[in-house]
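These are the structures in question, set out in turn.
What follows is subunit A paired twice: with subunit B in the first complex and subunit C in the second.
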Partner chain A sequence: MAILPPGENWFHQKVAKDEKIWMGLAFVMSLFLFFWMIIWHVYAKQNPSFVTYKTTPEEFYQLTQAFIEKYKIGEENGIPVVKPPPGSDVFLLGRQFRWEPVLVLKKGEEYRFHISSLDVLHGFSIQPVNMNFMVFPKYDYVLTFRPTSAGEYAIVCNEFCGIGHHMMIGKIIVEE
Partner chain B sequence: MAVAVHEGEKWFRTCDVTGFKVDIRAEKIAKVNAVMAVVSFLIAVVAALLLVLTRWQLFHLLPVDWYYRVLTLHGLDALVFWIIFFELAALVFGSTAFLNTRMSSPFAGWLGTGLAILGWLLVNYTILTGNADVLMTSYAPLKAHPLFYLGMILFAVGALVIVTVFFANLMIWRRENPGQSLPLFVYGLMAAAIIAVITIVSGAIIYIPTFLWSLGIISDIDPAVYKLIWWGLGHPSQQINVAAHVSVWYLLAFLTVGGTSINEKVSRFAFVLYIIAINVASAHHLLVDPAVSPVWKVWNTSYVMYLAVFASMIHAFAVPSAIEVAQRRRGFTKGLFEWLKAAPWGNPAFSGLMLSMIIFGFIGGITGVVNGMEQTNIIVHNTISVPGHFKGAVVGGTALAFMSVTYYLIPLLFRKKIAFYGVSKFVPWLFGIGVAILAVSMYILGAFGVPRRHWDITFSGGPFTFTFNPVTDFFWALFGIGGILAVVGALIWILQVVVSVFFGKPFNGPQDLQIPIAEPPPPPKKGEHEGFAAPGTFVLVLLFMVAFIIFVALNYGWLSAMWEVK
Partner chain C sequence: MSEERKTPFLQLVFDDFILLLFIGVAVYAVSYLIWGLMELAWIPPIPDEIKQSLLGR
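Up next is the complex of A and B:
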């Protein structure tokens, strides 16, 4: 009786058989979910990185500019297009309200992304593969990607960053 | 069960329906908080309609600045003010009337209520005047007007004062009733109150420096620290709701069919697990953030090895089994589900209870676990799946439970007859089905990568463009229909409450009771406890487990098809 104190001896009442079985199942499921995340870390290929460097907006801007100058192959709608060699460090800068640069990558190769922001928080969302990560100012988030499919991909900003948030869209081209 | 009222204790009235003695001073405070809850809910619902009609690109109603403004308004009024005000009312009323005891300090009760209302005013004012277009989370370095942060702080302090009064009331009760155990409903509220203290302290730790930063006194707020501590407020505050609405489920099971937890120790144990494990959920929002390590993420995001999920699954058996056992004792023993078929489905509080449990478990709960697992979060984070999840958890679960119990509060707390009682039986269905459609379609849209908090997913004005899978058009239409159904259901409910409370006919005693209160079922027959106590419930929870496992497997399957990342 939810609105009255429980009956005498409530603490020593035996748990019904079905409730006991259910609690057992639920507990096993809980432990399974917990250990599954650890197992996935060991055996699977999609795990969020935790490699992070402290940076400043100024420093990260410099790094990105140097990276763009080094590997620039053109320009699209005012945004530089960059083709870094496989296995290299890639710098991607988010700011109100654009992503820089456009990246040309090779399918099946590994790239070490450094992602940071010049101003507020942004969301790094690759579409249509639908992988999503957070971008902070002052933190250089290092994510090692291996694109496993070719084609044109959009980088959608999916963390509210201000009035022009919906215009913040970038591009990654993955070549065969 | 009614306790004799001492002479001279003139602040009590004796309820002519339940026999409880009710402290009139507490009752007034509870009423004001309940009214504030409904006003906040009205703002949130109107905002919701505007948002649905904006994100559904067919209408794209609001201009960009007003979209984010109304989104901020909706988030705070729905997720914070409506629910917390309702819980403050429940804490004040629950710790006095349900314990036949008095209010420890009416002054503190009014002080807390006043501070909370002042905070509510400041926050709503700054948002509507365009001074706080920072969304609910107000992630630094986005900056709002100082009065916005001050409003949040005042609201939190007000809530904390009332939580303190709640504990003081429990102490009075303890002194007057040595050796007794709390009723389960109040026990659950106590769990909610303990979680609330931890939540509000986190809120203070982050809002006070942010307030000083907005005034220019502090030069810098670290964005990662802000996000970590803010979610120590943001997520656990939703766990207050879980503890509170599970308490309401137990209460409704009792009021609608006379159901009692078949094992009070088990139910209480589950509430204790909530207190222990549920506070670490800040991690749910940091799984794809820089800076925090996988060990921290896995331990915290799993609520310490999923103890809180375990607790919810215990309640998932305990509440329906309470209903089943009560119904079986009444003689509805045929097969697995006669008890369910013969249940009082015409009682809006009962249908609301059932829908609240189903939507919370099957939609809110399952998606919540998948969203909160470290790796699957990669394919969920900041997509519209996230609000899809909490539409299931907080709107379908908490809000619907609170709406359902309000049908009892109108006669018993406000002493008014329920206006348009005839339509009540449709309201939970309209609202519940609407929310379910809305939540599921949002979750599916998110699986296609559609972002949350986004004014225009055609990216007009951007340097590039992207077109989401055309299948999403269908789910946007469903989203719109679900949203509108839910809004209509909510508006009918609000109309009923407002007309009843402010213009309703007075409630003069049991003869005026429109919504039935169930008689307790006959006592158990011998031998009932051998074998399964609630076989029907057992089948239902197994069904839930199967759905749960399938959903986790599907999401990890999708994840494994994505690019490799480490």
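Up next is the complex of A and C:
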């Protein structure tokens, strides 16, 4: 019986049948869990695929400013409001303590979000849908995003980033 | 004395549960660290097409 401690020089003894069954079951279970990760990723749609690029805060700031200049349609509380065409690259910058720009998107259209931080670690959290992503300085996190319902969504920072963290709220407007 | 068999090396390893505990933690700590460093090293810069489309150069 495998449950009893093995005697001296057990290494060359034959493995008992029940132990082999347990090893087989553990192997099958680990294979199942391995493939479940892939199945979950494809079908559960809870872990979106993303791409990451290296950047610098200066470069990302420059790109965001160019993006804002190109598609700006107005301003809200000093923050530019931008309406990029569907299918385009969208730049969103997190900094202490604001998100910019405010984005106006079209329902059902796909956008490539580029998100990065100018200073410290921030959390990109779309509410009330509750999607959460970490936003690092020096890395451009690219997320393919298709808004499926119209309305106003808040972008909340969900990584404590300093004294004004609780005021760091951005906005995405999804139009019909 | 000549009939006394030497304990196999792997048996010594498998019988030492503190060593197994250490190996179980250390192997994953080191391999995940290396994996993470490799991932970080292989991140590409933002493609030029994207930069050109906005900055025009």
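Note that in this section the second predicted complex is superposed on the first by the 133 of 176 C-alpha atoms of A that agree within 3 Å, B and C clash if a C-alpha of one lies under 4 Å from a C-alpha of the other, contacts with A are read in each partner's own complex, and residues count from 1 in each chain.
Throughout what follows, a residue touches a chain if its C-beta (ideal position, glycine included) is under 8 Å from a C-beta of that chain, and two chains touch if they have at least 3 such contacts.
Fair warning: this is a prediction, and the values are worked out from it, not measured in the lab.
When the shared chain is aligned, subunit C comes close enough to touch A:Leu63, but subunit B does not.
In the superposition on chain A, A:Phe34 makes contact with subunit B only, while subunit C stays out of contact range. When the two structures are aligned on the shared chain, A:Tyr139 is found in touch with subunit B and with subunit C.
Applying the stated contact rule after C-alpha superposition, one finds that A:Arg98 touches subunit B and leaves subunit C untouched.
Comparing subunit C and subunit B on the residues of subunit A they touch gives the larger count to B.
In the overlay built on the shared chain, the residue A:Thr148 is in contact with subunit B alone; subunit C does not reach it.
Of the two partner chains placed around the shared chain by superposition, subunit C is the only one that A:Asn9 touches, whereas subunit B remains out of contact. By the touch criterion defined above, A:Thr52 reaches both subunit B and subunit C.
In the superposition on chain A, contact of A:Asn77 is made with subunit B only, not with subunit C.
Where the contact sets of subunit A with subunit B and with subunit C meet, they give residues 10-11, 52, 139-140. Residues 1, 18, 64-65, 68, 98, 133, 135, 139, 141-142, 180-185, 222-224, 227, 247, 250-251, 253-254, 260-266, 286-294, 297-298, 301-302, 305-307, 309-310, 313-314, 317-318, 321, 369, 373-375, 377-383, 447-449, 451-457, 459-466, 468-469, 520, 529, 531-535, 537-538, 541, 545, 548-549, 552, 556, 559-560, 562-566 of subunit B are the ones touching subunit A in the complex. Taken in their complex, subunit A has these residues touching subunit B: 1-6, 10-11, 13-19, 21-23, 25-27, 29-31, 33-34, 36-38, 40-41, 44-50, 52, 76-79, 97-98, 119-121, 123, 125-134, 136-141, 143-149, 154, 156-171. Within the complex formed with subunit A, the subunit C residues making contact are 5, 7-8, 10-11, 14, 43-47, 50-51, 53-55.
Residues of subunit A touching subunit C in their complex: 9-12, 52-55, 59, 62-63, 66-67, 70, 89, 91, 114, 139-140.
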